[in-house]
Each structure stands twice: as structure tokens, then as C-alpha cells.
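Report on the structure given below.
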Amino acid sequence: MSKIRVAVIGCGAIAQRRHIPEYKDNEHVELVAFCDPNVARAEQCAAPFGAKVYADYKVLLDEIKPDAVSVCTPNATHASISIDAAKAGAHVLVEKPMASTDEEAAQMIEVAKENGVYLMVGHNQRFMPPHVKAKELLKTGRLGRVLSFRTSFGHPGPEGWSVDGRSSWFFRKEEATMGAMGDLGVHKADLIRWLLDDEVAVVGGLIATIDKETDVDDNAVCILQMKSGAIGSLVASWTYYKGEDNSTVLWCENGVLKIGTDPVDQVIVELRNGSVERHQVGAIATNEKQTTSGVINAFVDSIVTKTPPSVSGEEGRRSLEVILAAFESRATGKLISL
Amino acid sequence: MSKIRVAVIGCGAIAQRRHIPEYKDNEHVELVAFCDPNVARAEQCAAPFGAKVYADYKVLLDEIKPDAVSVCTPNATHASISIDAAKAGAHVLVEKPMASTDEEAAQMIEVAKENGVYLMVGHNQRFMPPHVKAKELLKTGRLGRVLSFRTSFGHPGPEGWSVDGRSSWFFRKEEATMGAMGDLGVHKADLIRWLLDDEVAVVGGLIATIDKETDVDDNAVCILQMKSGAIGSLVASWTYYKGEDNSTVLWCENGVLKIGTDPVDQVIVELRNGSVERHQVGAIATNEKQTTSGVINAFVDSIVTKTPPSVSGEEGRRSLEVILAAFESRATGKLISL
Amino acid sequence: MSKIRVAVIGCGAIAQRRHIPEYKDNEHVELVAFCDPNVARAEQCAAPFGAKVYADYKVLLDEIKPDAVSVCTPNATHASISIDAAKAGAHVLVEKPMASTDEEAAQMIEVAKENGVYLMVGHNQRFMPPHVKAKELLKTGRLGRVLSFRTSFGHPGPEGWSVDGRSSWFFRKEEATMGAMGDLGVHKADLIRWLLDDEVAVVGGLIATIDKETDVDDNAVCILQMKSGAIGSLVASWTYYKGEDNSTVLWCENGVLKIGTDPVDQVIVELRNGSVERHQVGAIATNEKQTTSGVINAFVDSIVTKTPPSVSGEEGRRSLEVILAAFESRATGKLISL
Amino acid sequence: MSKIRVAVIGCGAIAQRRHIPEYKDNEHVELVAFCDPNVARAEQCAAPFGAKVYADYKVLLDEIKPDAVSVCTPNATHASISIDAAKAGAHVLVEKPMASTDEEAAQMIEVAKENGVYLMVGHNQRFMPPHVKAKELLKTGRLGRVLSFRTSFGHPGPEGWSVDGRSSWFFRKEEATMGAMGDLGVHKADLIRWLLDDEVAVVGGLIATIDKETDVDDNAVCILQMKSGAIGSLVASWTYYKGEDNSTVLWCENGVLKIGTDPVDQVIVELRNGSVERHQVGAIATNEKQTTSGVINAFVDSIVTKTPPSVSGEEGRRSLEVILAAFESRATGKLISL
Amino acid sequence: MSKIRVAVIGCGAIAQRRHIPEYKDNEHVELVAFCDPNVARAEQCAAPFGAKVYADYKVLLDEIKPDAVSVCTPNATHASISIDAAKAGAHVLVEKPMASTDEEAAQMIEVAKENGVYLMVGHNQRFMPPHVKAKELLKTGRLGRVLSFRTSFGHPGPEGWSVDGRSSWFFRKEEATMGAMGDLGVHKADLIRWLLDDEVAVVGGLIATIDKETDVDDNAVCILQMKSGAIGSLVASWTYYKGEDNSTVLWCENGVLKIGTDPVDQVIVELRNGSVERHQVGAIATNEKQTTSGVINAFVDSIVTKTPPSVSGEEGRRSLEVILAAFESRATGKLISL
Amino acid sequence: MSKIRVAVIGCGAIAQRRHIPEYKDNEHVELVAFCDPNVARAEQCAAPFGAKVYADYKVLLDEIKPDAVSVCTPNATHASISIDAAKAGAHVLVEKPMASTDEEAAQMIEVAKENGVYLMVGHNQRFMPPHVKAKELLKTGRLGRVLSFRTSFGHPGPEGWSVDGRSSWFFRKEEATMGAMGDLGVHKADLIRWLLDDEVAVVGGLIATIDKETDVDDNAVCILQMKSGAIGSLVASWTYYKGEDNSTVLWCENGVLKIGTDPVDQVIVELRNGSVERHQVGAIATNEKQTTSGVINAFVDSIVTKTPPSVSGEEGRRSLEVILAAFESRATGKLISL
């Protein structure tokens, strides 16, 4: 089988640290083109592959006609580039949040369908071993129904992650459209939907810019009611300067499931009958293959096996809706029903 | 000085486990009368003190004319009994939540003022050594401004606490008026106000009866915005069958303050400059004197020293308002501004 | 339903510590008679139940006609008493080892069948929570095929367990017929058969009296080959004066399963993919109900539900055969095929 | 004194990782020649020393006339090469197992004696600090007589050790003659003889190829009776994919001695009087000098001081006999007396 | 053999908690008489033994003519009572410090010798398992010569030990003659002499009453030079309100020996070659027999076997001299040579 | 502002590891000259800065006229070089001990004052985070008055630190004038004065050369009485081959403060009320900036801000006096009053 010809559009941190190395390690893929308005950055990425470099993704799509693209640009352009790529016949892997509005998301799904290409969203939390293990444990039914939960994602902010540091697009609203909620909150919205195999019914949110000099949000606290009736909180923060947190706790009928609350045992189950299980699954992450996000391989597998991607545009859209509802809640002073 | 003649109205768990033993250990107090519709229960409490027993608190107030009373009855009667006691010239220590409505609370404060008696509310979380230590650490200013927080109180429900077990008034709305929120949520509303020395500005809440057979709430998740701008979550649950939680975490400009997150060190400070402080203050609780709630002594001290109580009716009222706002949020689908 | 009338034959340690209290706690059972050549001991056991006392079990069977009996006598009499009881129409729960020879065991099974009564053997290791959890984990298939194993049971000897201490029948061959192998080894033979759901094919054994003044064995080391091809060691010792051991380790295709090797986590799974699971299931044993052996309830359930007991005579016989083969190996200098 | 001129015959993993570096660090030694049928491999080893290279060891012996040789070839050739070397007047250090049959071993000893050269076998376990410490503790007499023991050596197989990986001679019977037993079992046979200062009297063994694609054994479980009467188990495995084990436990009259059972304290003594000693002696292994096997230095010292080597041919032969007896046991279905 | 008739003179804490129970458990002893100016206290002690009671020890000696006496009176009377007892033909076990002056000590030794009785001093630190183990380890020679040391004994003061609490004779100079130094310092002087098998050559001391209301010392810090040349510090304190300490550390040529510095491992040896040994020997102290001081049994054994006691009057005198020299140093401002 | 022109006199370990790198990192400083009798060493230090090199510091002072100098020479020359530098108009940072006699120290202070330059002494212990934290805790007053203390500094000797190893000037009396006391003891004398904010009143000392081949002291134990009445011990050793120690413990009215006694928590406070605080402040030392001694920055800040240095010549002199008094004590056999 000939290799899948992939183009990477947007060559910042997420492209450099996840997409490019993981495509490189995938035997089915040939990286053929890179695009970034900062051409020097694109050239640096392209050099090891002898790939072509573009400043304008439209030219890339036109000249290269890639089989697939990764859209790693600032949030504001996710939708338009994905749509253009799909129209150009390329399968699309778009970073999260997949879009800035629900209308954009709907159109992305529609266009992909019309053009017979796959649309996948980069929700990598679903592929992390602790979350995979938690899902497996929930499926056994031993814990019973989930009654309430909390899920949080907080760190000191994207300054330390972005290749542009403090001057990153993450802090500019016209490009980012949202802050901690788009960066972290949408991850947890997607995770809780997937873990509970349930949809969000009601959302309330307080979203604010409390400590950083930016016009996007640096903190959000939300309350969610699921269709099953379970209620819980969802938190995203860029100002956990200490006390970083990427944890999820589910209180269930028969006990509690804790993810990410202990430095050694990533998943802990404590049952009402007194038994306790402690799972170390993060150790896997030290193996080379496991430190990958898992998303790129899943996208390529999807193309290779002609199977629709598990984190489809519809999935991404529903997770986005949760976040957008929180913004609406803050703006209107109402609890939003989905 | 002659002793303060105290009557205890309501002889259930909180009276038996906190009020009565702590009054007994206080040298300024003489327990003179006990009242409970279950007269046998009142007699059992009264016997060691040779105190009088009543089924009707009005007769008690009339005959005994106590200097002070503890109101330990179901929530629905907190207001009326407190008002009658104040009118009878007794200082009043009322259990939390002090009332079921803001109007009741306002009237209680008014009547106490008119009758020249003190009104104190039993918010014992303020007196717990870990919270006292946390407040002391915040006051040093080392942590800077509080940016965001979470505060939670969850356990398996009052079945294991109440002297009536599963048939406790806690589960009957006409007597309890509210469930986990009145039992646990109001504690945390009071705590966060006191720790941050700040007032709640906006409240959103999802409150539900998810697992217990009762017509009161067994779970609540709330979002709070403080006047200072800090945002956070407040959780109360009666269905943490495992994974009990009575913790509060404050993320601040210069680091994080964690209360109740570690089994050994009740208060932990982690600063951005890399230093970590771990405080063991709960060990004190093993000394006989320290296992007291602290509330009764504070009430008696207030009377003895003729100093208004620190947890005044006004304080109790503001904490109650937070909880009531959460109920209103759930009922109206709106975020409530206070 | 009328209660099951149970007689206990043999009133030593295992009767006093397991059978009698567990029958007492079982609502379906009435303890009607006790038999022991030491009549005072039988009377002490019978007193709380107002039960009858016998020195001769034949008289007991004749006069009482019990629905069921527990045979808790020295090993040498297990077979004859069980046979007589079955002939008298009583269901039989016999302590391990069920007999001293395979012929005895075969006859016990035959007689029970002829008389339409159940015959169950007291192999309580199958009911211990760590072993139940291990079996459950093996059944998931995650570990793959068991390749090799070791299973050991060693303690300082029955002096500290028997109500007769150093002068116990455990140390007299004519009554015990065997020593550590009958006391501990047969437990592990039964356990490994059950855990692996496999039968023993070949047995080699070295059995000796190394340190105690007795004519029965105080130490045995055996090698086993299972029908599946897995090989392993089985050890029984009464001279582990320190370093007591009741552990089993199974090395499998995909990882290792460890039971009883860690003081906190009774069952540990380490997989080749790097993940580790630690299970605390012994904590259950602190609850009153859970400290029971499980054997008595299973026996009574079997009678109540008219379901053949899981640890049947046939099961007990096969576990006994493993031990007898080890003795034969030592006597003949050959590896014994079963 | 002039340096000892040493030749290394066989340039695989054990030569590259132990013999060559340890000879290099020994001031009394000059490495003068290297032999391997894979000449490129021999040249790579020889280059740093400007030593000569041979494909045929006979030519080497003839041309170089070394003072001493290390025989690091596949097991099947240990005997013939050692004999030829001894005849050529070289002291011989041969890797374990020293030979494939007892006759070979006897002849090696005989030829070495006739030619006035030393014959030493590479049983490095005797030089490991935890074993040295255990021997020292046993010699104090505090533990009393050893009653029973277990000694195990299991890892995932030589694929990860051999320079040829999965295609190593370790897996080919004509070269290896035996598998895990020759690789690991003979180490433990030698260790238990040395630790207990006792000889093996009876051996039973089950030896099988359970999981690897090879015609040699990948698992063995053996039972041993020592002349003193102590009994125990000896295990060798190449299929401990997890749960690697290189431990030895001795249950004694006065307590237990554990080697290699704890990740921190390599040697632990627990006495019946309640005292516990924990020894960390492996930490020494982090010093450069201590990570050596100890064997090469002992061999050189032996030559320099003209003292017969402690791990003599006779010692190696007796340890080999234990392993051969286990094979005989498996083949004949008998327990073998030595 | 007839029993040794023992009288206890002085019935305070040390008599009640050590001497009397340990004599009681010793099969060779009959407690025949008790003496205390507080006759009620003596009677309480005597009652279980049907022993005689005296307020005046001279009458006791005269009437009872005991075989042996324990002198458990305040320090000031140790000498005179011991001398009178020895003259009355009784073996003498005197509590530490044996006397208040060196002249007294000399006379006690002289009189005991003249009267053919044994004189033993209650230095129980020599019998504590950690000290016994440390002495054993030092004797192996592995640590080499002791170069320097520190030995400390500090606690919150005798208020919590003495049966008279804050009004104990410990705080009155005319009875105690010295404070923390007599109570604790003399223990450590004796210990260091015994552990090092060496004598003190030079002493400097700072001794003060820093925090307690008493006319005896509550703190002392001393420097010692041993005849071997080793130097070290000796500390005694009654004001370690927290941070209690009964530890001794010896820095030696080949490593360090630590006693009492770790809550689990009472004796730790760390050698320069990197090895570490950790000894748990205090666990023994949980056995009934082991919690005894060891002193009484040693005294009785001495009498029974007619062997001079190991902690003889001469030993006690030399340890006392160290303490007296420290007082002299403080008084004269000089370093005192012994 | 123009940069401060600094010359480093003496280019051994302390210059290479502390002074030079810390000056290099300080933006206010230009390193202009280096002096060492070993010119090659000076050149090596000077090369990265293009600085001048001198063998004779007088020529350096004359030609360079530096704004400031670091005096990092052997102890014996500290005074004369510092005086000459001050006379040449340079601010002086002199290593500890600042001088060999009190007269020298007095003259240094005098000359600095006359020439209007600052004189600072390199007592870096005051700047270590654990000591800074301890001082801060003491200042809160929670611990109350310090009653007694011990402070120790012991390691295996300067062989491992000095760039000249065993042949370092540290071991030659004519250059070092003193050994462990000048290297380590003076640090602890300065620390205890600073922590307690108190002066030493009385000193006794035993100082000896016990194990090293040198004519300076390798061990010292001292007793100190402070003006406040507190007493304690001060220890310096070069023969702690294992059991290294840099700890200080203060026993106070309300509890104990421990510095450097725990591998994780550098400062621990245990109060009589039962509370315990554990502070991790050394973690800071892993940050590049924090591993600095702090002394150089403090010296430069002093010059830049024209503020007299906190560790002034007077401070250094008083700390030196303590050490000199200990030597005098040893020499005269007297306790020395300051």
C-alpha cells in the first residue's frame, strides 16, 4: 500500500511535540508539506523530511493535494482551514477546540461528509492510559451508577508550553477566541462525556480573567448535570502556579474511582465492601511508544482501515457545546440546557 | 460569679455529642433543663445533672427562665424557638443552618437585638485547628491574593450520625427543609467566607436527590464568585459512600494552600519559590479538650466577657444566604447575585 | 422452613474457632449436639446452645439423627465417622485432609452418594478474599496462560493453634497420619488446582521430620507438573519460626500474579506492558462477618438450596491425591504420575 | 613481576561485559589475544589492547602460548577448549556450567592437575556482596542450623543479555546443551552448597520447555535434600517476564535469613527473640570497583599468589552434578541420590 | 535453696515501677519488708506480699536482717543507708547516683568489702537491648577505633515520672543534691564508659537552672576527653519539652554507630565501604520479661551465683566521678582531669 | 552606573566554586584581576573574563586599583591581605575565619573604617534557606525563649573539597593556623549567635588531632553559655567519615526547632501543644540561582546600595572570638568568659 501523504498546517508547539514526531514514527505516513506564516519555523520542521514549505495553506492544498492534514493553527482558524482541506479531499485531524462556534463545527462535519473524508478532533485525554483503565473499570459494572463527580485541569498557563512563550497566540482573543476553557476545559468536557458514556444536560459557568494580562479567560468553574442525573463540577485554570491538577473523581453507588489523585497509583478504586485497588498504568508512558498522544495513530488507523474515527466531528462538537454553554451561562446569567 | 443557667432544647445527636458534654466541661455553666418531644431521651440527658425535663420548650422557657439556650432541634424550628428564647431573655446558640429562610434569619437577629441577648450560630468549622491554622497562614500575606478555590464536604449520609439512623428527621423535608446543603453545604459557605475574609457575589447551583430515598437534596454542586473576583466550587454530598472528603484548596498568587487533602499533614502550603510547609495540627484533636467543637466555649465566653459572639447572627445569615441562593439558582435556572 | 439440625463431632480448635461460631451466626442452623471423648470439652461447647453432649459419636447419630454433621476429629477418624454419619442420613462437612488414604476418600464419596447426602471438605483457602480476587483476575484472561508457580504455607507449628498445645494429636502419627502436609500442604494442593483450573499430572516430594519431636513430617518440598504443562513448587512447613509464609506466585505469559507477598496489598498483578495493580481485599476480614472461613456458610447454603457443594468429596479427593503422591514419591524415590 | 599474558576465547556478552573490562582494570594482566569464529567481533575486542585476533583457538594457543585463558564460548565447547588450554600450559577460567557432563568435568580437573595449571569456574554469585554478607552472618552461628530453604533465579530470558539477542546460541541445544538450568540453575546449586557449607544428597527435578521456541529447557523446579538433612527448592526460569527473582531464603532454628527479597535491604535477619537486622550491602555495587563480578580478580590473585582458586574445578563439578542429577531425575522419573 | 529475703527501702516511683515488680517476678526472691517515711505508701507496696512495713530503715535492718536491700530513697541518703545495710550484712542494690560525693562512694565500697556483701548500682542503661547490641557490634572491631561521640538524655522533667509530681524530692536540693545530672547525666557517663571500654580523662561542664523553679540543675552540657583520646559531648536536660532524646552516636574510623536516632531501627551502623545495617532490637521490649530494667535480675543472679555484680560499686563510683567533675568544672571554671 | 571592578585574591576551591561564578552572574560586577602564587591556576580562572593575572597581590592592588576584592587565600594571610586591600581603597570580602587572632580582626575593622571601605566576612550559613527559615520562625515568638541547643558541623575532611586534595594548605598549620574549628566551627559559632540574636558569654573546649596526619585540629567539642543563660554544645569535625552532620537543634520554652535533622524537611517545629510543622526549603537549592552562597550578592548589594554589610567585620570578629576562646580553654584548662 502506498503511504498516506500528510501535510501539517501550523507548526507551533502541538505540531512539533506531538503531530510531527508521531507521524514520523508511523510507518503508513509520509510527511509531504508544512505550512506556517512563520516560514522559518515551517522550514525547520520540513527539513528532516525533505518536505515542501508553504506560508499559505490554500496554496499547499492546491499544489500538494495531501491525503490528510493536521490542523494545528490557532483556534480561530480551525474551522475555515478544516473546511478548505476537506473540500480539497483531505482527511482532517483538527486540534481542540475544533471550532469557535457550534455553527462552524456543524459546517465542518457537513463538509467532511459531503467530500467523503474523515474529520477527527485531537481529544488526546481519551487515549491516556489512566483514562483508558478508568473506562475499563467502569465498564465492569462493579462501581455501579456514577452519582456525582469532579474533573479539573489546572496548570500555570501556556507560557511554558507555547514556542512563543508569553507572546503566544494563546493570550490573544482574536486568534484564541477562548483561554483556559478552550485549552483545558474542553478536554475535561470530552473526558467526562466519554467516561460516563453520557451527555451533558445542564451547564452553569463562572468564567473570568483573574490574574493574567490577557483578554481571554484564565479561570473557569462550571457545574454540569448529565442526562443520567449525575451532577458534578468541571474546572479549568491557567493560574494553578502550584498545586497543578489533572484529576477526575467519580463517586458511584458502590464506591469511588479516583484518577490522577496519587503520584504513584494513577487509578484507585475504593469499594464499599472495603476492598481497594491501586493501578499503576502511567509507567507505560516511559516507554517510547506510549508517550505518544495516541491521537495521530488513531487518525492514521482510521484512514488505513477505512473506519470512521472514534473521536469524530460529532463527538468534538458535543464537547465543544459544553464549553460554549458555560460561556453562555456566564454571559446570560442562566443555567443552560443542552 | 454565679453560673450561667443553660437549657438544651432538642436532645438528638448534636446535643448529646457536642453541646451537653462541652457545657458539662465548662466551669461557668450549670445545665438546668432539657427539652425534647421524646421525653425519655430528654430524661436520659438530664439525669446526670439532676436537671428538669420538658416536652414543650415554651413551658421550659416560662418555668426555668434560663440564662442561655442551645437550640438543637430540626432545622424547621430553629427560627421560632430561637425567637421565643430570645424574647424570654435567654442568649441563644442555634445550630446551623440557623433558619430556613432569610426572613426568619433577619427576624432572629432583630429580636435578639431588641431583647439584649446574644445570638450565635453553631458554625464549628471555624474552630477546627486546621482551619484556624489556614486562616493564620493566609493572614501572613505570604500566599498573596486567593485566585480560585474548591471546598467540599461529602460523607455517606446522616444515617450513621443521627441517633435515629435511617428514620432521622434529616430525611424529612417538613422538618429538615433541606438536606446535604443544610447539613454540609452551609458549613463550607461559612468557611470560605471566613477564610477569604470576603463575601459571595454570585452563586449558581445544581442540587438534586440522586440516590437516597428522601424528599431533600442528597447532592449539590455550586459555583461561587466572590466580591474580590475569586471564583470557585462548593460541593455538599451525602452519597460519598467511599472517598469521604472535607477539604478546601485555595490557589493563590504565590502558591497553593491545601486543607484536609493529606492524612497526616492537615494543612500544606506550597509556594512558587519551591518551599513547602506541612502542618500537623489535628493531632491536638486527640487531647480531650481539643476534640470539643469549640463552639460552646466560644458562646459561653461571649456571655461571660459580655462580648458579642464572633459567629454572630449576621454571619450565620450571610452564610445561609449563599445556600439559599444556590436553591434559587436551581429553581430559577439563573445565576444569583447577592 | 425448619432449621437444619447440626451436630459437631470433635470439639477441638477448629470446631471452637470456626465451625461452632459460624453455625451460630447462620440463621438456618440449630446446633443440637456435640461429641468429644473429652466430655467436659463437649459440654463447654454445648452449654450456650442447650445442646446434648456425647462421648461416642455413634450414640449421637443414633439418638439425635442430625440433618448434618461437622467432622472435626483427628485426621485418622475422618473417613469412618463421615461414612457412619452419611449412613445415618446426615450431610457431612469433613475437615481436611478428608481422609488418610485414597480408598477411604473413594468410599466416603460412594457412601454419601448412596445415602443421598452431601459430602463437603473444609478447604477454606478457596473462600479467602485474596484467593477469590486472584481467581477473578485469572478469569479475565489478561495474564494469559500460567507458566510456572510456587505456593507455600509455613508457620511455627500447631503448638500455638491447638487447644492442647504441645500435647496435641497433631504430633501423634496414629491419630494425625501426617503432619505439615496434612495440615498445610493439602490446602495448597487444593488451592493450586482451583486457581489454575487444572489437575496435577506429576508429583515429586521430599518430606522429612527435621526439627520437631514427633513421628509425623514437619517439612515438605514438592514439585508439581500440571496437565497444562505448567510446573511449580509446593511447600509445607511447621518450622518457619520466623518468616511465616502463606503466599502463592503465578508467572504467566503476560505478567505475574502475587498473592500474600505484601503486607498491605494482598494481591498484586504486574503486567509486561508495565502496568501494576495492587488489591487490598483483606481489609474485609476486619468486619465481623468476613472473618468467617466461608466454609460453613457454603455448606449450609448447599443444603438449603439443594445444590451440591462446590468443594465436593471429589474435589477433596483429588487434592488429597496430590499429597499422598508426594508421600509415595518420598517412599519410592520416584516421580509419581497421577 | 612481569604481567600475566591472558587470552580470551569467545567474545560474546560475558566476555565483553565482565572478563575483558575486569582484566583491563587488573594491573597484573596484559590482554594478548582474542578468539572468536566471528572474527569481526574478536577484532573489536582486541583493538583497544593492540592484541592479536584468532578464529581458531588452537592456533591461538600454539602461537601465543598464553599464561592464562578465559573460556567464554558456548557451553558445549567449555570442556574441550579448557583441556586444550591446560595442555598448552595455560591457567583456565571457564564460564559456568564448566562442562556438559560429569565425565568432561572430571577430565578437565585431571588435565589441569597433570599440567600444573589452575582451573577455576566462573560462579560469580559467591562474590556478590549480599551473598558474602549472608555467609558471614551464618558463620556467626546466631541463626543455628538451617532447616529448610528456597533459592530461585528467574528472568525474562537471555534474549536481552546476549549480543546476538533472539538468535543466540543460548537457544540451540547442540551448543548450549542445556537452557535455564545451565544459565541460572547451576548458579543457585553452587550458591546453596557454599552458603550452607553442605553437599546435596538427593535431587528431584521437573524440567520443561514451556513458553520459548527452543529445544532447551526454559523452566525447572527442583527439590533438594542436603547431607545435613535440610530440604529445599531450587528454581530456574527464563519466563519470569515480570516478577524477576534472584532470592534465597533460609529458615533456621533461631530465625530466618532472607537474601534479595527486599528492594532496599538485600539481607534481612529476623530472629525468634524478636530482633530484626537489615543490611544494605548492594550500595557498594554503585562504586566502580564493586560492580565487577569479582571472579576475574580472584582468578588473577590465585595465579599471582600461587594459591589454588577458591571456586576450583572440584567445586564447579559438584555444582554441575546437582544440575545433571535434576535432568536425570526428569528423564528417569526418579529421585537421584548423589 | 531458700529464697533471698529482700527489703525495699524507699517506696517511690523507681521502687514501684522497677524494683518491686522485678523482684516479684524473680523466683529466687521473697520480698519481706518495705520502708518509707510515708507509711501508707509502704503499706500499699507491702500488702500483696504480706510483708512488714517500717518508717525507719534502721529498725527494719535490725528486726528483719534482710539478705539484700534495694535503696530507692532520695539521692542524699543513698550512701548512709547503703552503709548501714551493708553493716547489717545485707547485699545492697543502690539507685543511681550511688552517692553525693566521691568520699561517700569510697566508703560504701569499703564497708561492703569489709562486711562481705555485694554493692551494685542501678545503671540500667547497660541492660537496654539497643545498648547491648551496640556493645556487641563495637566488639566485632568492624567499626575500628571510636574517634568522637555525643550522648544525650533529655525529657520534660521528673514531674511526669515521680509519684509526687511537681512536689517531688527531685526538685529539692537537700534531698536530691543534684538535678538532671544526677537523674540523667550519670546514666550517660556510665554508658559511654562502658560502651567505649574506656575511662574519662578530662571533663568540662556548664550546668544551670534555666527554666524550672528548683534549686537543682535542669540542664547540663559537658565535654569529655577519654583516655584513648576520643572526645565528645554529654548532655542532660529536664527541659526538652518536645524533641525528647536518649541517643548516642559514635563516629569511628570505619563508620558511624547510631543508637536511638531512628524510631524503628534502634541501632544503625553505616560503614565507609557503603554498607548499612539496621537493627530492631527494641521490639523485644514488648515481651513482658524484656520490659524489665534487667538490673534486679542481674543483682539477684549475682547473689545466687556468688559472682560480684558487673555494675559494681567501683563502676558506679567512676561514673559518679564524671558527674562530680562536671560540677567542679562549673564551680571552678576549669577543665577537670580525672 | 559603571560596574564594580573586582579582583579575586587566591584562586583555590572557594574562589572557583563560589566567588567567581557568583560574581560572574552578578550584573553589577566586572572581574578584572586574579591573583595566586600558582599562576597557572590564576590564569585558568582569568581566561573566561580576559582578566589580568598576578602572582603578587600587592602588585595587583597597585596596578589594578580594584573597587573590591575577595580574599580567598589560606587563613594565615586573611588579615594582612585584607588590610592592604582596604588601604588600597578596595571593599573587602574575606573568607572565614576572617583572621587568626583577635588583634588582626580588630586592625582589619579599624583600617577598613579609616579607608572608608566595607569589610564583610564570608559566613554563608546565614544565607542558607533552612537557616533563613529558622530565623523567621524564631522571630514569630511562637517557640518562646531558647533554653538549650546543639549545633554541629562534621564531614570527612577537606581532602574531598580542596583543589589540592590531601596536600591542601588546610592541613598545614603555618598557613591554616587552625583546622576543623576554623573551617567548620566558626560557621556554627556565627550561626548560633545570629539565630539566637545573642552573644556567647562562656566557652569551654576540647580540641584535638585524633585521626588525620596534620598539625591542626581535626575534632573539637565545645560548650557555650549565652548571655541569655541558654547553654549548648558546638561541635566541629573532619572525621565524620560516615554520619555527616550539619544540624542545629534549639530546645525552647514552647517546643523544639530542628534544622538539618531530616533528609526531606529541612526545618521542623514541634510545639508543646502537639502541632508539628515541616518545612521544605532546600528544594530551592536546585534552582540555579539559589545554589549560590548568597554571600557574594550580599557583598555587591552592600556596595551598590552603599549600605554596610550585614555580616560586618564586627560580626565576624565576635564569631572568631568564640573559636579563639575554645582554643584558649583547651590551652589553659579553663572555661573562658567573653
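Going in written order, the chains are labelled A, B, C, D, E and F, and every chain counts its residues from 1.
By our rule, a contact is a pair of C-beta atoms (placed from the backbone, for glycine too) under 8 Å apart; a residue touches a chain by one contact, two chains touch by 3 or more.
Listed by chain with UniProt protein names: A, B, C, D, E, F = Gfo/Idh/MocA family oxidoreductase.
All values reported here derive from a predicted model rather than from experimental measurement.
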Set of chains adjacent to chain B and to chain F: none
Minimum number of chain-to-chain contact steps, chain E to chain F: 1
Averaged-CA centre spacing for the pair chain C and chain A, given as whole angstrom: 55
Cα-centroid distance, chain A relative to chain E, in whole angstrom: 72
For chain A, residues that touch 2 or more chains besides their own: none
Chain contact topology (line, ring, star, complete or other): ring
Order of the ring members, counted from chain E so that chain F is second: E, F, B, A, C, D
Parts of chain B lying in touch with chain A, wherever the complex brings them together: 147-148, 150, 152, 154, 202, 204-206, 208, 210-211, 219-225, 229-233, 235, 237, 239-243, 249, 251, 253-256, 258, 270-272, 329-330, 333-335, 337
Residues of chain F defined as touching chain B within the complex: 129, 133, 265, 273-281, 283-284, 286-287, 290
